[in-house]
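Read from first to last, the chains carry the letters A, B, C and D; within each, the first residue is number 1.
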Amino acid sequence: MPLAIMCSGGDAPGMNPAIKKFVDYLYEKGEKPYFVYNGLDGLIDGKIHPATHKDVGGILHRGGAIIRSSRSKRFYEYEYRKQAYENLKKHDITGLVVLGGDGSFRAMEKMSQEFPLNFVGIPTTIDNDIYGTDTCLGVDTALNVIRDALDKIRDTASTFSRAFVVEVMGRECGYLAVVSAITSGAEICLVPEVDFNWHVAREHLKREIRHGRNYVLAIVAEGTKMTFDIADWLENDIGMETRVTVLGHIQRGGSPTVNDRMLAFECTIRAVDHLLSATSSNKVVVVENGNFGMKEIDEIVNNKYQIDPELLGMLNRLD
Amino acid sequence: MPLAIMCSGGDAPGMNPAIKKFVDYLYEKGEKPYFVYNGLDGLIDGKIHPATHKDVGGILHRGGAIIRSSRSKRFYEYEYRKQAYENLKKHDITGLVVLGGDGSFRAMEKMSQEFPLNFVGIPTTIDNDIYGTDTCLGVDTALNVIRDALDKIRDTASTFSRAFVVEVMGRECGYLAVVSAITSGAEICLVPEVDFNWHVAREHLKREIRHGRNYVLAIVAEGTKMTFDIADWLENDIGMETRVTVLGHIQRGGSPTVNDRMLAFECTIRAVDHLLSATSSNKVVVVENGNFGMKEIDEIVNNKYQIDPELLGMLNRLD
Amino acid sequence: MPLAIMCSGGDAPGMNPAIKKFVDYLYEKGEKPYFVYNGLDGLIDGKIHPATHKDVGGILHRGGAIIRSSRSKRFYEYEYRKQAYENLKKHDITGLVVLGGDGSFRAMEKMSQEFPLNFVGIPTTIDNDIYGTDTCLGVDTALNVIRDALDKIRDTASTFSRAFVVEVMGRECGYLAVVSAITSGAEICLVPEVDFNWHVAREHLKREIRHGRNYVLAIVAEGTKMTFDIADWLENDIGMETRVTVLGHIQRGGSPTVNDRMLAFECTIRAVDHLLSATSSNKVVVVENGNFGMKEIDEIVNNKYQIDPELLGMLNRLD
Amino acid sequence: MPLAIMCSGGDAPGMNPAIKKFVDYLYEKGEKPYFVYNGLDGLIDGKIHPATHKDVGGILHRGGAIIRSSRSKRFYEYEYRKQAYENLKKHDITGLVVLGGDGSFRAMEKMSQEFPLNFVGIPTTIDNDIYGTDTCLGVDTALNVIRDALDKIRDTASTFSRAFVVEVMGRECGYLAVVSAITSGAEICLVPEVDFNWHVAREHLKREIRHGRNYVLAIVAEGTKMTFDIADWLENDIGMETRVTVLGHIQRGGSPTVNDRMLAFECTIRAVDHLLSATSSNKVVVVENGNFGMKEIDEIVNNKYQIDPELLGMLNRLD
């Protein structure tokens, strides 16, 4: 029973290890693996090809995804979803593994309601903004890329009295910012989920500076759109020479960490096993308290991810 | 109620984040933190000093441990344990956080049976060979240091037809080797827990080489003491030019990963909370299925860690 | 004859290796080394202390500078320079090694015209904007930190059709941007020294995109202040989804490269030898065509650094 | 006039940037670039193919060489060299760029005396053991990979009283060991070029240990074959717990440094320009005191590289 794997939406480290395991595991099972190139657009345009061991040689340590990814406006139209289905049908593919976020899962769910097709989603995004799972493929690598950048800034921070503002990714979710702030001991962390109390922060910093603090590290989630506001505030209100770093896409690159590789393998095996089982249906592979499970698409896409309050509690308190 | 923190046995990345959290958290609680320098030897020699915020500034991203560690023969003698206790008593310290392995926990348990003293152990070793916990402080960093080394070898492996033998740490435990082999796609993995079938491996490799394989990566756990045997075998029996890498102490260095920092924080908070509680007693902080817990020293030190069979099952099968 | 070392202006990787060599080499010579902490401000405030081997243990691989640096407005006033001189006199220090840029050299030159004091400047800045020397302490490390960031972006670039704009440091000098663009194969490079031809670039990119190019990497020198203009242009005129990275102070951090450590050692030895020589006078240590030399302060501070035209010629030509 | 590029002998970081520049630059010149795959063996077997821009996309930051390399016994026989020449002739290739060491240059020289063929050698080896040039392609990257490993060991060294022995590559040449020892501040450095005075070293270390030294770092060049002897000596004679690291092929991997990329570009451009010139003849591109030049094959292959005595003088003196 032929299965295909596809990446959809923003890329994340860990996609390549998942792609490799998909191919190796299907051959081990005696089944035929296919690649859908270029995500949903490739599905519409029939960019579907058989996958070989050779295709996945030496990709474990590469960032990105060898089968590429995309976002697709066309996929919102029935005609194009129909075309996508027929492309799969040509190869007798009735099951898909989809590496992506809830947007991609929603799109696939719609398609699979219209046509006889099952898929299993593997939550894949560095933003860690997907409901129902503790972590997503790519998060651990992104956090350690950020860590490496913050280590470099720390290294030099104490040389010169200065404030550093570092913007990290996460779209509407502050997870990357919170964990980065906790593990780098940042003095300030701005996230969309929490209001920033300028007054309290000012009093706190002024007091600390009086007590000898000579630098400040502020982590800002891109979702707050306040990176340059906080920089101005530190420069003018707090009176520290301030430097801004916007990490951007560096956070999506780099060799996947050991955790992300293991996560990719574990999720892919579960996704394939489910698609090959008699009772196959649409699911998302999740991790809860360190245990793997399967959840309904609806539950995943109809709820909003919330940061664990205990995590927020571990931030340096400004009081 | 004054508490002290001590490192004992081999060092591991993550000790410094634990030390920093110990100091910051105790001050937050209004308690007085102490450092025991040089492990058990320092305890005997009274190297016990109050800890300040300043002591732990800018250490989060440093490998090693600023309070140093040691192994101690003297501690086996009652006289020295008595002396160690009296040193703690001078500072009214009745509770200790101990970063180390089961040997250290056993030693401390003995002492606390003889004198009114409680301690909480935080499993800290890159070898991941401690019973009752899924992971230990330092393991994630060590795995990613190994990964970085293997990525470099992979990068160049396909340029030249060759076999690479890489020895990783772990003492009697094959965990580092197994996870490294799985996540780097190594063809061969030798660990103390599993007999290596030379005949099957030879047939397997010969067949793969006939089918075009032009390099082999073998991960060997130091505990097998077979690093150079396997290299000779690859060179002479299999007939591939072979190169050996012995990673050694590189695996204990490097900036702690985000996971190891979070683990250090979580364990230290739990250890301190327990020592400050009325019902305090000797415990070890553990992680099971992603959940934190506390276990009796006896259970930890009287059982042997076993690698999860499912992990062994994920190794490339040589058949 | 006691000598002191001081850092002045922006910090750069390589300062610590220079500081270590300064101490070790003076002891080797039987002379007494001093540290001036906090740069020119520390000189004014008498933050001058004897340096020991212990002070410089384990600092070779640390970014930043253990003796800190600063910029000083007070130093423009004679009264403060007089005070600074008297602080040095207390310790019979008549020679200084100064790690900094031309601004710092100019300030020290003024002081040494007013008081019996010699200094040797070691060009230290990641910006590589000092006349008369091919390279400055810190440049090689900064270039490789940028390289590491660009490698991560390249890794993922081909996964998704996108444009990446990366802002690098260099103040008014485009050196870091030019070398980074050449060695990363960037399609676009904006520097203060060269006018950017929007029209030609547009035609070029449009043509390349028609021929299948699916991503663009643009390196922008901070001195152009055009980072976000070019991003808008790529997004709107060229029509590619665009992401911005502002590397900021990451470029000043990280462990000094082997080249920067060797450069630090070589320059420090020459600086010390000159200050200890009978004919000592104010100089700057320079590197020309791979050879070390000494130049007059005037020549260094009264001329403007120009990027080698041959280097500019190696940029991807947009025609 | 069609030209080909070939890698021969051990691989080194920087080969891919040279390969990319070769292709891009020849197209810029309106000439046709060819790849010889698998080195001299591939030359004999006719593995010669036209190269396209697409072949060299996204390889700048990859270690190894996409056209692979090899050593060849067959090439010693006239018949095979004749066959190799005829393979080139089929494509009208009369000029080759050869990335390799003196062994490869000698082999090509022989061939080009027998047949109408010119080549330019680019010294490419991490061992830096080629006469007539200050540096070779790959050396800077290898030195920084070693540095990164030594930084990790330093990080943890002071935590535990211990000696660390690190074996680095270099075949019969001690260059990598010497520069690594200088820039990491190693206490001991063993190279083939210098006799190691066991007695003096023992007295020196004993004295330092009495004065409080608690760890020793020893860098050993593989050419000395003394890695494990020195480890035994440190363990038993000096009496320090000792750990061995054999870096092995990690030193040939990793993303090429900025210096190695620039060196690759500069050498390739000069090699191509020379081969396209009317007066073309066999040469090797060299770097002397930071200046590029061309030398005769004979001079390169008939002399032995010597480490700069000044470099040896910068090693920690054991007296």
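In this section, a contact is a pair of C-beta atoms (placed from the backbone, for glycine too) under 8 Å apart; a residue touches a chain by one contact, two chains touch by 3 or more.
This one's a predicted model, so the numbers in the text were calculated from it and none came from an experiment.
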Touching both subunit B and subunit D (chains): none
Relative to subunit A, chain with the most remote C-alpha centre: D
Approximate Å spacing (C-alpha centroids) for the pair subunit A, subunit C: 36
Averaged-CA centre spacing for the pair subunit D and subunit A, given as whole angstrom: 39
Distance between chain centroids, defined by C-alpha means - subunit A, subunit B (Å): 29
Two or more partner chains touched - positions in subunit D: 151, 154-155, 157-158
Touch-based graph of the chains, sorted into line, ring, star, complete or other: ring
Contact pairs between chains, per stated definition: A-B, A-C, B-D, C-D
Subunit D to subunit C touching residues, read off their complex: 17, 20, 57-58, 60-61, 134, 140, 143-144, 147-148, 150-151, 154-155, 157-158, 179-180, 182-185, 255, 257-259, 261-262, 265, 287, 289-291, 314
Touching residues (chain side subunit A, partner subunit C) in the complex: 7, 10-11, 13, 15, 62-65, 68-70, 145, 149, 151-162, 164, 166, 243-250, 252-254
